[in-house]
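Each structure below appears as structure tokens.
In the two assemblies presented below, subunit A is common to both, partnered first by subunit B and then by subunit C.
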Partner chain A sequence: MSQSYNRGLIEDFSRWREFSAGMWAWIFHKFTGWVLVGYLFTHIAVLSTALSGAAAYTNTIQALESLLVVRILEVGLLAVAVFHILNGLRLLFVDLGVGLEAQDQSFYASLILTGVIVIASVPTFLSGVSI
Partner chain B sequence: MAERYTSFEPGGRRWLWQRLTAAFLVVVLAFHFFLLHFLNHADEVTFALSQARMEQLTYFSLMILFLITATFHGVNGVYNALVNMGLSGSRKTAVKAILGVASLVLIVQGVRTALAWAGGVPI
Partner chain C sequence: MSTQVPEQVEDESSAESVSPGKQKRDQKKRERAQRIQEQREAEAAEKARSEDDTYHLKVFRYDPEVPEKQEPRFDDFYVPYKQGMTVLDALMWARDHYDSSLTFRHSCRQAICGSDALFVNGSQRLGCKTQLSDLAEPVRIEPLPHADVVKDLVVDMEHFYDQMEAVEPYFQTNSLPDGELDEQRQTRENREKVKMSTRCIWCSACMSSCNIAAGDNEYLGPAAINKAYRFAMDEREGEDMKQRRLEILEQEHGVWRCQTQFSCTEVCPKDIPLTEHIQELKREAIKNNLKFW
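And now, the complex of A and B:
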């Protein structure tokens, strides 16, 4: 017989010192998920300028990409997406019963690998932009 | 007594579909980022380059599948998060309907955009 796992309210911020690695993984996965689904709607809205013609689309994308703030937001998006992917892989393995005993170490590995990939990608994401 | 470390309702299929779409998205999202930020650079994007990719049936169909699975995965994730936070009753029904309509609008808009690039289905 099983019962649902009660994590309590994450909105009760004073509990944050009690959180384990698994709890942080759950919070980060949820937060990055909200960001990604919000971005998905924004992304399709921006791409929809293609419906107004070739020039409208090209000008919109190139104007956005010329802004430093957009490039920085893209680095943030990369960080969010990479963590969600890596922690998602961790969840898939845990669901398959693989590595449950090392789930905290795999969370730390997801965080470190996300940091490394994002830092290594910064030059590519900021290339050609003027301040 | 075993505890269930999940946000999903027991016995539902949403958990399974969330995992199946996740396995697909892990690969395609990584490919999407790599193709459009590393092989091609975002500031070099033009309508003609997007059009050239979308005119290939393989790429077009992969992007349509990407749109549908990403929408399902995202919206299903939001729905389950809200249910996990205590959403129930008529509010749950209303949220389900709103998210369903939002998903449909997003997919229709995405497909229209893909068709605008490809100039119709590239068969």
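And now, the complex of A and C:
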């Protein structure tokens, strides 16, 4: 073939409105997975303040936990982790070849369950923080 | 009772005053008038329908050999709707009545030849198997994504066919029956197992829908893996052959590229459970390599 018109990859993701459940599940899973990896680094950084003594660690934690943004980010982290775990279980079943015809429903189920768990956690995460 | 009797009498007398022949003729006249009236109404309705019941198509146009068409664009066609009209019918109507240069592949018109997979309203579908009435307007018709466009709705299928060939899509076996004319019979259960996988019509809808295949040109793709499944699961091919097939499938760009997005299964016009087959082959590949000693 001499000439051709290549529509490229950018067009792919501009079609997000047309994505089906399985595709969204994949996107969310990758996204949450990498957010968790990112969190791992912050997590290690915060924990390693303990290397410079117990007081430094306590101060850091207290300073962070007194910030509303941090509390909100924690809720976000929970959402990301819960979705990743629930959808991870869904993917496990998909790998085992169980319930593939209900893969879209199980994706919606993990979304809804994530939502419920996250909402239920909000009072705990946002308690005792001054704005 | 007493009130009903006079009524009956009156009816009979009025009927008697007009001859039965005239009665029949009147009746016929009334029927004919009614029929004509109905016919007129139907015609008017039909006319109204054909006037506003046109479907608005937006069709992708591109032709590298015509200077005016080198820049891809969408052309609008308004096609009068007939009951049962498919996307392919509408395209043919547009080609025959508006623009004979409108180019697309088609042949069987019954979802068997696999030549008219198109990107219709954001999803890969067979033109001949998609009812216009199931689609929202304007109906946007594009060539299959992730394939090079040759002209208008025609894409280059060469790469897809290469991937299909790569899995040796034909029956092979080392265990031939004894007599030369003996049949190679398959058990009912085994036939049932491969049944869905045999239905592929090589339309490439699945390959086009696959995000992984788009990013990795070497990935075999759902259709080729399904084709391999059809033979790897066929017990008549024997163990040696299955081994060989699994070796092809478990290469770097084989089954392991699949990330279970289910796009292929979603679009396959023959309802083949592609993801299920790919997943089963992944498990077969692992079982094949697991050795406990």
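Here are a few things to note about the model shown:
In this section, the second predicted complex is superposed on the first by the 119 of 131 C-alpha atoms of A that agree within 3 Å, B and C clash if a C-alpha of one lies under 4 Å from a C-alpha of the other, contacts with A are read in each partner's own complex, and residues count from 1 in each chain.
Please note the rule applied: a residue touches a chain if its C-beta (ideal position, glycine included) is under 8 Å from a C-beta of that chain, and two chains touch if they have at least 3 such contacts.
Please read all numbers here as calculations on a predicted model, not as lab measurements.
In the superposed model, A:Leu89 makes contact with subunit B only, not with subunit C.
Between subunit B and subunit C, more residues of subunit A are touched by B.
Looking at the shared chain after the overlay, A:Val35 reaches neither subunit B nor subunit C. Once the two complexes are overlaid on the shared chain, A:Ile72 sits clear of subunit B and of subunit C alike.
Legend: residue contacts after superposition of the two complexes on their common chain; A:Thr58 is shown touching subunit B, with no touch to subunit C. In the superposed model, A:Leu111 lies in contact with neither subunit B nor subunit C.
When the shared chain is aligned, subunit C comes close enough to touch A:Gly97, but subunit B does not. Within the superposed three-chain model, A:Glu18 lies in touch with subunit C and out of touch with subunit B [touch as defined at top]. In the superposition on chain A, the residues of subunit A contacting both subunit B and subunit C are 1-5, 22, 91, 94-95. Taken in their complex, subunit B has these residues touching subunit A: 1-6, 10, 19, 22-23, 25-26, 29-30, 33, 37-38, 41-43, 45-48, 50-51, 67, 70-71, 74-75, 77-78, 81, 102, 106, 109-110, 112-113, 116-117.
By the touch criterion given at the top, residues 1-5, 22, 30, 33-34, 36-37, 40-41, 44-45, 47-48, 50-51, 53-55, 57-58, 61-62, 65-66, 74, 78, 81, 85, 88-89, 91-92, 94-95, 121, 124-125, 127-129 of subunit A touch subunit B in their complex. Only residues 1-7, 9, 11-12, 15, 17-18, 20-23, 25-26, 91, 94-97, 100-101, 103-104 of subunit A touch subunit C when the two sit together in their complex. Residue ranges of subunit C in contact with subunit A, taken from their complex: 62, 64-65, 72, 122-123, 145, 148-150, 156, 158, 211, 214-215, 259-263, 265-266, 273, 275-276, 279-280, 282-283.
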